[in-house]
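For clarity, chains are labelled A, B, C, D and E in written order, and residue numbers in each chain start from 1.
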Amino acid sequence: MKKFFRKPGSVGHAPGTLVSIEREAARPLELTIFEYGLDRNAEERRADTVAECMPFNTQAHVTWLNVDGSHQAKVLEEIGSNLDIHPLALEDILDTSQRPKMEDFEQYLFIELNMLLWDQEHAQVESEQVSLILGEKYVITFQEHEKDVFDPIRKRIREGKNRLTRQGADYLAYALIDAIVDHYFIVLENLGEQIEFLEDELISDPDGGTLQVIHELKRELIFLRKSVWPLREVIGALERGESPLFQESSLIYLRDVYDHTIQIIDTVETFRDMVSGMLDIYLSSISNRMNEVMKVLTIIATIFIPLSFFTGLYGMNFAYMPELQWRWGYFFLLGFLGTGFFWMFVFF
Amino acid sequence: MKKFFRKPGSVGHAPGTLVSIEREAARPLELTIFEYGLDRNAEERRADTVAECMPFNTQAHVTWLNVDGSHQAKVLEEIGSNLDIHPLALEDILDTSQRPKMEDFEQYLFIELNMLLWDQEHAQVESEQVSLILGEKYVITFQEHEKDVFDPIRKRIREGKNRLTRQGADYLAYALIDAIVDHYFIVLENLGEQIEFLEDELISDPDGGTLQVIHELKRELIFLRKSVWPLREVIGALERGESPLFQESSLIYLRDVYDHTIQIIDTVETFRDMVSGMLDIYLSSISNRMNEVMKVLTIIATIFIPLSFFTGLYGMNFAYMPELQWRWGYFFLLGFLGTGFFWMFVFF
Amino acid sequence: MKKFFRKPGSVGHAPGTLVSIEREAARPLELTIFEYGLDRNAEERRADTVAECMPFNTQAHVTWLNVDGSHQAKVLEEIGSNLDIHPLALEDILDTSQRPKMEDFEQYLFIELNMLLWDQEHAQVESEQVSLILGEKYVITFQEHEKDVFDPIRKRIREGKNRLTRQGADYLAYALIDAIVDHYFIVLENLGEQIEFLEDELISDPDGGTLQVIHELKRELIFLRKSVWPLREVIGALERGESPLFQESSLIYLRDVYDHTIQIIDTVETFRDMVSGMLDIYLSSISNRMNEVMKVLTIIATIFIPLSFFTGLYGMNFAYMPELQWRWGYFFLLGFLGTGFFWMFVFF
Amino acid sequence: MKKFFRKPGSVGHAPGTLVSIEREAARPLELTIFEYGLDRNAEERRADTVAECMPFNTQAHVTWLNVDGSHQAKVLEEIGSNLDIHPLALEDILDTSQRPKMEDFEQYLFIELNMLLWDQEHAQVESEQVSLILGEKYVITFQEHEKDVFDPIRKRIREGKNRLTRQGADYLAYALIDAIVDHYFIVLENLGEQIEFLEDELISDPDGGTLQVIHELKRELIFLRKSVWPLREVIGALERGESPLFQESSLIYLRDVYDHTIQIIDTVETFRDMVSGMLDIYLSSISNRMNEVMKVLTIIATIFIPLSFFTGLYGMNFAYMPELQWRWGYFFLLGFLGTGFFWMFVFF
Amino acid sequence: MKKFFRKPGSVGHAPGTLVSIEREAARPLELTIFEYGLDRNAEERRADTVAECMPFNTQAHVTWLNVDGSHQAKVLEEIGSNLDIHPLALEDILDTSQRPKMEDFEQYLFIELNMLLWDQEHAQVESEQVSLILGEKYVITFQEHEKDVFDPIRKRIREGKNRLTRQGADYLAYALIDAIVDHYFIVLENLGEQIEFLEDELISDPDGGTLQVIHELKRELIFLRKSVWPLREVIGALERGESPLFQESSLIYLRDVYDHTIQIIDTVETFRDMVSGMLDIYLSSISNRMNEVMKVLTIIATIFIPLSFFTGLYGMNFAYMPELQWRWGYFFLLGFLGTGFFWMFVFF
């Protein structure tokens, strides 16, 4: 149920109140900073407190601060007061129950996304909330866990001298969003494999376990659908280019990501269609099989019950039953029963 | 059925006629007033008649009048004539069958909402209509019962010196709406737990009771859905900022509430998908189980009915049945039946 | 089927041709006129011919002509030529198969509505077409039958000195529409009661009759839905205030009616959801019950068929069956069968 | 399948290529011309070649050329070159697989419609494509077969001195479209009767044939729906009055036709709802009946199988079975079995 | 699954990175060039490298370069740098998992389409991605395989002196798109035949294989639907004439293609409706048949089980059973059983 619904942490508190999520309190905080620009190599630092990072180096063309541990209210408050972030945005970062959304605060864009990961071990989708703040010269990302999909981007920054390091903060934001969206395809690929496997099973040997798997696939797809439609809204809003923070030249890249989200939605809907079709087929084949079973029963019963009636008839102990005395009575009866059996058998 | 449909009290009366709802007449009336402002502490009073409250103290920055007992036509008329409220709005307050709506009367905004509460005892959703009138310097809330979700707000007013008391009447209206919407999450959380519980039961041991619970969950979700879509319309209309009564600075808070209603709708729709998927699974597993039962029956019948035929055959009393006289006839037959049984058994 | 589809009377005729509906020709014509205004008491007259009514008294502020018997082509033609009504509108009045619609002919508004009545005796919805023409100073209503829902309005006109008599023809039109829409709630209330009753039955004792009732409820709701969506369009169009015949001050009342139609649609859709959910539950419980029945059969068969095999075995008449001669053979067998029975019984 | 899908004749050819439909080549061509105007009687001619008809008499106010045999490429080319019709329009006329559409070529309007006829003999819907070209002073209609629904219009032209002959070509086009749309009601009436009949059968005595009829009705409605939605688009586009070829005064008549298409769509959707509801009811009553059958079987088996066990028991031939020797053993057993039977019977 | 989902090749790479699809690397590259214009015959060349083709002959009015083997990154890069194509477009060409789309890069239009082919052997739909770049005087098409639907167009170019060779590059692009869309009809025709065949089978003799075929048809239709909706968007966008590359005179042809896509969508949706209706009918007839089987079983059991009870009764060996000694006991019983049998038989 966690996956489908989490009560916002702020329920029952004044709006803008930052409530640390206690169940997560044990997780350590980790801050990572990348600074890079046209004329300089990328610099990479780790820090334990916000004070070590702020204010950002104004020399750097782009600063990327990644915060692992978006659950710590105090850290968020510090960052918020340094960069003048609206309390409601901070509350949304802290609250991991948010649906994907984008809000334009003029000085900065605030973006919430769901990062999906495929948990190979349990064969299911995992979800983590990523918040992203895009300022004129900086990007801040907030994650719940350390595990993420940004390693290729870190590598590209470290290598330097590519399109990513030549462009501004907006392109970095795009690259991060693109990495998240791309990972949806990995998830879809795994689900697709499950569906394919299920389809084979459905034809060869459906049983109660098949039903269970169909049910789980349905749930995963409901969940995916819930993540992916608002994602499309968010990226669609970015792509329409309403914020001056995204330069004209970056918009074509956003359009590309937008096309990807459409493709993801298409695939999710197709998968849903397929899985619900499979349930129908499953039900039909259960009915079919029951029909077969019933037929066997009916044939056996229809053949033998009348025959047994006759054997019962001549097993009676009446004093006067003339047939019993006939010399060939038994053989006549055997013949009669045999013929009956034969015709019944032929009939079915 | 009460939950899904209540005939408006005004059916058959001239529009704007205020008809007291008699079944409620016994409930007492209770008026509570809060007056607060920038430079003064909050004042809190209780009153029994409208005359004690009106006219509002013009000194106070914000006046909040809460009326428990929106069913008394006379009280509504008095308030209406004091503040020049349109008769149709009064009729809507009186009539607890309204769907959520918002109407802009220029001098004031009239808002109807459903307050949802979770009745832990009967494990079901309870609903109460709350009407809210927002004027330039006052907010009036009308409730059917005393039980409400506004206690945290009352506490914040009493404490004073926080964002709530520093802002105007529009922020108070926002805070009240936010409290109502937040409570929807509590309801969703409880329904989510029921669904989770049901899902476990569905796998481990589905029975007729499971069906009953699925049916009830479906009903609760139909009801929730009926409340939540118009709620979104109302808050969406407020958030678009068409009324000058809501100041620019409050709009971002309304947008936050709006996001919450979207999230609620998302969750309700997801729950609906899940519950209807559960019904399919339930039906399938019933079919599956019947299949198992039928198989057992068929196997037993298919094995024993033919065997019994042979015992019947040799129970006949024909005078001349040569096999009966054979020394080893009985044992041959036993062997024959045993072999038949064995092969049948292996076959299934 | 009459309810769901009536072929327009004009099929196969030139447009604007007025064809009397013959099956109705026997019903008598009845004209009733109300004339009232600010400075005069309401005058009420009955007439048998159109000539007695026309032209309208120009002194009266508002004239309401009610025509019972909209099926008589000649009468319509007379009225049409007196007031210069477009032939297509007259054709629509005559033709009782119309769906609700509104047309603005500048000099007058032409409105078609379905008046729903609850037929207590047959527990079903009855429908009658009401056409309404609103001119600057007059309202004409055309009904098929005498039975209608306008009595409270007639009473208010006769009483005089209330909002209705102080306002113009547009308010009268509103009041008539409001009376019709209000009556939909009565119908919904009755359907709601049927649903509630059905739901109890569904749980306590579903049978073939339940199915029949579900089917009928579904039909009633399909019919209601067909009436109610175009009703919303019509009133929505009026409420947008595009016609100068409706004064600004009346629009708020129309908005109120519009809210009612939305509420009616909501309720109809909710009822549909509930009834279709009930069919699912019905099907499930049928399956469930069949399962129970099958289980009983299987248990009985599985216990007794093998036992009977053994009794059959020792009922054989072989000359040499050593067990039959044993002193305690019978009791051994009894013990064996008893044990078998016992374990089988425990097993199920 | 022909009804639901016909491959366009032009597949695999260059656009605008006119390919005669060979399967139809045998059908004869027939041209009929009506010329009429304000000051002259209608003139009616038949022709075998296009040359006999063209150019149109400029004296006539309106010329209507009806072409039976729209399958002959050569004829279309001749007409096309005479009146300067776009090759794509000609291709569409020739190709009877088109969906209803309207195209504005400025000098003329090109309209494709489906004419529906009810085939009484096979109790099914027949469809024929009608193409209509409306120029300033002429209307050309192209039909596949001779059978059509235009006879009432021909009669009105011959009679003269009515609204039709007083108006221009646009009114004639309207009248033709109106005749086609009106005929949809005839089709609906027949389908409605089938549904009504089916509903009675469903309650009194559903069998496999019922299923077949439901299936066929569903198909007819799918087909109807496919015709009727684009019809609405076409007439809606005309009614918005974007083409100057339709005069202002004709638009109100088009609006009337538009209302009819809406009513047709409403009815088709209602019928679909009803038919799919009937399938549910059918399935439920099948389940119900199987339940009844199973119950009978279970009762019989549950009563007699245990009783038979006892008769088998005392049919055994053990040497020492004390009960067999009791004087009243048989009667005790009879009593025992009778009591068992009685209580079992009462129990069910 | 390949059909329903392919992971984009670029997942995990920087955007605009061209990654050769290795599984395809073995396929040879083939370049074909057509050059034609008003005043010259068409010239046709084959090439193995991009260098042989570029730069395009500026004399030719239209140049069509067809690339078989869109999987080779190096080739794409060469073409891209020659004609200044955006890296994202190249990436999309390379990546055969794209959904149909259109992008306007001002200097050229980039269009992605799915070419559908009917694989007669496996009776299923095959899909290939075709990318099309339309510049002012050239068209470049990229295909995965050599097999395509463009032969009629090649033939028309070679013949010369027809509308195609007289028009510009935009008309060629239209003709290519038209050829692709036309081929959808071939696919639909084949699916339609399968549906028709299935429908006959459904009525005459449904079995498990029928279910399998329904399932496969459903899948094909899901796939078709996924291809055809975005196709409509693409062609709709072209037809609205927003790009100056398509001249006014070509737009009417695009509108014609657009109408075809609408017709295709209509047909796909109709087929879906029909196939899902067939599943219902299949399920119903399975239920129906099981009912028949059960009835037979019940009749046999209900007739013979009670009869057998009586034969068992008189097969008992009680010492004192008076009926057994009666002279006509046996015949009385026979008569009794016969009468019972007769009445039971009549009853069913």
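Convention: contacts are C-beta pairs under 8 Å (C-beta built on N, C-alpha and C of every residue); 3 or more make two chains touch, one makes a residue touch a chain.
Just so we're clear, the structure is a prediction, and the values are computed from it rather than from any experiment.
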State which chains count as neighbours of chain B and simultaneously of chain D. C
Find out how few touching-chain steps suffice to connect chain C with chain E. 2
From the mean C-alpha coordinate of chain B to that of chain C, what's the distance rounded to whole Å? 27
Numbers and ranges of chain E residues touching at least 2 other chains: 283, 287, 290, 294, 297, 301, 305, 308, 312, 315-317, 321
Touch list for chain D against partner chain E, complex: 1, 4-5, 7-8, 10-16, 86, 88, 97-99, 101, 103, 208, 211-212, 215, 218-219, 222-223, 226, 230, 279, 282-283, 286-287, 289-290, 293-294, 296-297, 300-301, 304-305, 307-308, 311-312, 314-317, 321, 323-330, 333
Touching residues of chain C toward chain B in the complex: what are they? 152, 156, 162-164, 175, 178, 182-183, 185-186, 188-189, 192-193, 195-196, 203, 252-253, 255-256, 259-260, 262-263, 266-267, 270-271, 273-274, 277, 280-281, 283-285, 287-288, 290-291, 294-295, 297-298, 301-302, 305-306, 308-309, 312-313, 315-321
